[in-house]
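Per-chain residue numbering starts at 1, and chain names A, B, C and D are given in the order in which the chains are listed.
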């Protein structure tokens, strides 16, 4: 957990860093690299996404391939596996132009099998690929408070850590390539289960006559305690400053959680690992997406399960 | 959360306390009443269970009815709803001989509907019934470290608290009669969901190449954190002093968890509350009971879900 | 499976038959007794429900107890367990006035444990209680096409059958008291599972590019075949004359299915029988009840699972 | 549903047919082509698998590529997606040597997305790819009683049908490429749900006091009826000649069902289709694989769910 320390890093090391994918997460991450003194060479499939970064000093180019020509450390932050495959191995992709020895760090949340494929393809070109998905949302990205879970060859970890500490508060080395994704997927699966479980429990308790704040207090001092009960309680009126206090606006959208659970399901199916609660959690968020909860925070499962007025 | 303070309580208040049910939990609880200076009048359906308590000063009688003749504060600690019904309303039951104004405290874990029935029957006889189920196992009972969740009329709560603080570290008033059971059931349902979820997650992570200790560390600093991941981790080798470190011996048996989830299921069905993960957790522990895990700690669900060697 | 044969039954046997519960199902059932020449003595908690039957010749009385005074064969058809308990053992109940040797037949769908309690209470009064729940809806009740599943002492089965064949096309003896309920509950649990399974399958197939009629045809000639796929297909456009062809109006309401699954869940919990899919089916119909599907036919689960337009 | 009619087909059309994959299913399928007078050019990754077919007249070659040089109609029957990818697009694969206009028919059960990829790759080479997975086991393969579900361009369907009718009793055209797989996956998902549902139902009924044969009879005349209850009942003693009558030997192995449910899960995840019961069925068979049921017939889920003796 090394934080970025400007004073101990010579400017000599501040060679350009490439950045592909300037969406809600990628944009503030790239800004933090600039703030830390790194020249940034960026691109995005939507050119307008690059404007803001360009205005504060980044060099914008047209394709991932051009980024690879100009930088030997490149971060990518993309929505899903097909985008990652395209950005690395597509006709204008990074690996078409990558220089030997380049360090490639992918912070997208994708199937670990795709991370391993990308790493193998990079290795053929003499480059090194690491997966480094994040936890924490847009706010954490802006404040450089993300947690990075990093998979890849251990010898390259220090080089990756130098950059990642500029964008995150925690950087954890997880093991070989793909294990960063594995850690992210595992955490989010357990989060999903805990959230639905908390929603069911709060709803049942209320139906049985318990005051929601009191129930939350009892759970949090007992063995039912979890992050969803003590930090992000889904029942309105229990906590301030969480999406349940704001009609489930903001936060982590149900579609995003459903996507992550789809990754968990895929990895579980491929490794023949039984995940009965994880599977059911996936299905519940999937049904919610089709019943109007797609863009609400995932803690809205409390509202989804609750009896409607008048029934 | 008032602890038992000997110095501030006059001996005059130490009139006899009745105790029905001297099993694994009831016996150490009754001992703690004796230790705190209360004369105890006890009975159990198995007379041999009374020996030890008799040797240290308790008066043993034959039936719950006789207890009710001699004490105006009575605790009961019984395995399940039918036992409670028998002890209170059976031919030799407490309510056959109860004196007006008697305080009846039931620490069994049962259906809240039965608690409400007992309270109504007690009221007819001029007595007051409260439900006060516990969390914490035999160890906590011996050390007077139980948590009591108390339901009943608020005016009687202080009188109940005086006794319960001799046996527990936390006493929480939950609301009308039955809400103590509701709180207990809710907590254990969320505990069950969190445990199975943690077991699935640890298993999946290991299959994906993560070190179990590292995975637990990542979960515990992230949103996947829960009591089952940070205090009672089900994967062997992650923590010391928990059942997973001892082949799942001791702890909280799978049959007991299955019983509590049956209560959760019943209350949910009766109140038409959807509990998809709670129901599935119930079914998983039920299957485990029939596949050889009945007497292992409930965290053995990790072992149940794990791929067998050689498959 | 003996059908009612008027010609072979002497009018001498046509002593009055009591009937308690003249709702949507009970009313046409009682009419069929009248049509078959049986004098009917009826009552209902809502007197207006008795009007129509009175107009065509039934004698209406005020309470179940009065019915028991005037008839020595009595049928009951009530919504749920508490109603059955009240009608039999309440202050104006049947068992308060029942004559020795009376045959009591309950066609309500209730917990088999309650059926057994009623049978024991009846036996104390010298009467005989049988459970005989039905399958088939209001239409089948009108056309005397119901199926009765009968539990009770075998020696009394012929006497029950004589009456039931006037109201149903099939009468099946299932075993001791309670087994009629058991058969009904088991059938409906498998029906619920098959229906949700068919809905998921039709939806998935359509999403994968299959024509719904063709998919149904393939399932029905293969091992996926079930009553829900070949007789009551939930996907609109596949079959005529089923609720899915009529916006899920009519048919068997989701709340009724949720109630029957609650009974299945209770019996499974009490007998410690694992029913993972049955439990999940229960939860799905329960969630549907709270999301606006309470009064639609239960095959509307297809619509519930389907992706909304515009998502 | 056209059966193979030798008399109406001129020998002139009997140009050689290629066959790749001579396992338990492929070998009897290829024999039926020989029996119908088609010269067969075959290969398998295990040369010994080819011996028997060679003895009865097939020409055996070393690689799929060689098959493609010598035949312009080729069938493939392989265990899973990676094998299909290798046989078609690998270094010695069919598409390396395929002649323009060749008809490629893949009877493997795989992800429809892979079928579509293979079709696109074949089209680039001027060949036509169709998916034609089968239902029916080794027995049906030997007796030419398989059912083929065919996806691909409609104009080529007649040519495919000519060959497939020599190996199957039913050939069903499902739509564009991939829809054959979709139909197979959908059927098997519903089959899995129906089987587990039947097992739960039979088990619950027996626990509630019903005779298993009687319960099966009631289900089969009612709305609980399904293929698993009326043709392949999982409770021992109900039917003859099914795996449940033979300690769950033979039939369709639990691992194979788990594999097909993995495909259903993948397609559902990719198309964002909720399949709650299908997912749970997948997990149940997956747990069974790890608890000693991998090689038993999938109807052994009845045994898996049943309470053990002595519990």
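Definition applied: contacts are C-beta pairs under 8 Å (C-beta built on N, C-alpha and C of every residue); 3 or more make two chains touch, one makes a residue touch a chain.
Just so it is clear, the structure is predicted and the values come from calculations on it, not from any experiment.
Across A-D and A-B, the chain pair carrying more C-beta contacts is A-B. For the touching copies subunit B and subunit D, the fraction of interface residue numbers used by both exceeds half; the interface is of the same-residue type. When chain centres are defined as mean Cα coordinates, B lies farthest from subunit D. Note on chain placement: the centre of subunit A and the centre of subunit B lie 40 Å apart, centres being C-alpha means. Averaging Cα coordinates per chain places subunit B and subunit D 52 Å apart. Residue positions of subunit C touching 2 or more other chains, listed in rising order: 272-276, 280, 284, 287, 289-290, 305, 307. On the subunit D side of its complex with subunit A, the touching residues are 258, 262, 265-266, 269, 272-276, 279-280, 282-284, 286-287, 289-290.
Subunit A contributes residues 112, 135, 147, 149, 170, 172, 174-176, 178-179, 182-183, 185-191, 193-194, 196-198, 200-201, 203-205, 207-211, 214-215, 217-219, 221-229, 231-232, 264, 267-268, 271-278, 280-281, 284, 305, 307 to its touches with subunit B in the complex. On subunit C, the positions that touch subunit A within their shared complex are 280, 287, 289-292, 294, 304-308, 311.
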